[in-house]
């Protein structure tokens, strides 16, 4: 068995896709996180319902996260 | 009586279907979880309202989970 | 006076109907629960807005539960 | 001054009407409750948007309760 | 500076209007409350989107309260 | 660096505009608050989607607050 | 690895864009925050669905924050 937080740790400095509750998807490099699943991503591209934009560094509040997909 | 967490434990490395609050269903192999029902699934196929996609490994935040069905 | 958790205990291994926040109803045998009202049901039939399906064993996250009706 | 929990206590084994967040109203005899306002009702009649049904005993999760009206 | 709970205390046995999250407004005499802002009101008149009704005593779960207006 | 609670303290007895989750805006004099961001406002004018009304003193439950703007 | 709170600290007195749950975006200088991600911004411009307005100083309740983008 592997702990969810351990999988986050294994993906540090790797590309992940974050799905948020508002259906936005953030693609970027996971550079940090904490116990609340607050996360820091670098080189982020955000895909919303209609468009995509580059955001650079992003801090995401954990309570908005649905799922994380390592890429 | 069986504890819900015990049923998760019994389904480690087995196929489960996860229903999320946004109606997505994730089918995959349960490889980990924690006390908040955060979960790790491998070989995930996600079925949404209109389409299905393969996601590989997925970390799901427990607060989005409605129900888990062992398969 | 009877405690709500005590009524759950009395209904162990009996049929209950669980109403969830998304209006799904799960009918099944209550085989377990914990302090968060996470629950395990066996022989589940789930009735949604339009259809019914057999699910076997189901773990339900307590935060999605509206009410439980012993049958 | 009277504590809200004290008013619940005074209404043990009496008729109350419970309004839930999904607009359902449960009429029944309050037979139990706990600190989270989880409640047990007997002889319940539930009135929804369109119809009424008899449910017998019902356990309600406190987080779904809007208000309680002793009758 | 005055604490919000102190203002509740000052309005004990006085008329207040409670706005709930579902837009209902309860007018009544505040006879009790606790640390979670659960409240007891007497002689309540409830105004919803379309109609008004007399409810007598009402226990309101604090998590549904938006604002309280002393009258 | 300044703590958010410190900014509230600096605005005691001054005009602030409170945006609530339901899009109501309360303009009034901040006369109190607590650690949960429950707040007391005096001389409140509330602007909703369609109309404005004078409310006098208002106690706001912190969980409904989106942002506070000192004026 | 970098902690999310550390990235906030590094952006003190710098421009950030805050996305809120109601889709508002606040652009301003981050002058403070606390452990709940409550934040203080100065020189704020708020962009909503249809219009933009200058707000000066704003205190944002952390529970409304989706993501923070340093600029």
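Each chain gets a letter, A, B, C, D, E, F and G, in the order it is written, and its residues are counted from 1.
Convention: a contact is a pair of C-beta atoms (placed from the backbone, for glycine too) under 8 Å apart; a residue touches a chain by one contact, two chains touch by 3 or more.
Predicted model, so just to flag it, every value in this text is computed and none were measured.
Chains making contact with chain B as well as with chain G: A.
In terms of their C-alpha centroids, the spacing between chain A and chain G amounts to 18 Å. The mean-CA centres of chain B and chain F are about 41 angstrom from one another, to the nearest whole unit. Residue positions 63 of chain B are each in touch with at least two other chains. Each chain touches the next in a closed loop, which from chain C via chain D reads C, D, E, F, G, A, B. Residues of chain F touching chain E in their complex: 12, 20, 22, 24, 26, 31-34, 38-40, 55-61, 63-64.
Taken in their complex, chain E has these residues touching chain F: 1-8, 21, 23, 37, 62-63, 65-70.
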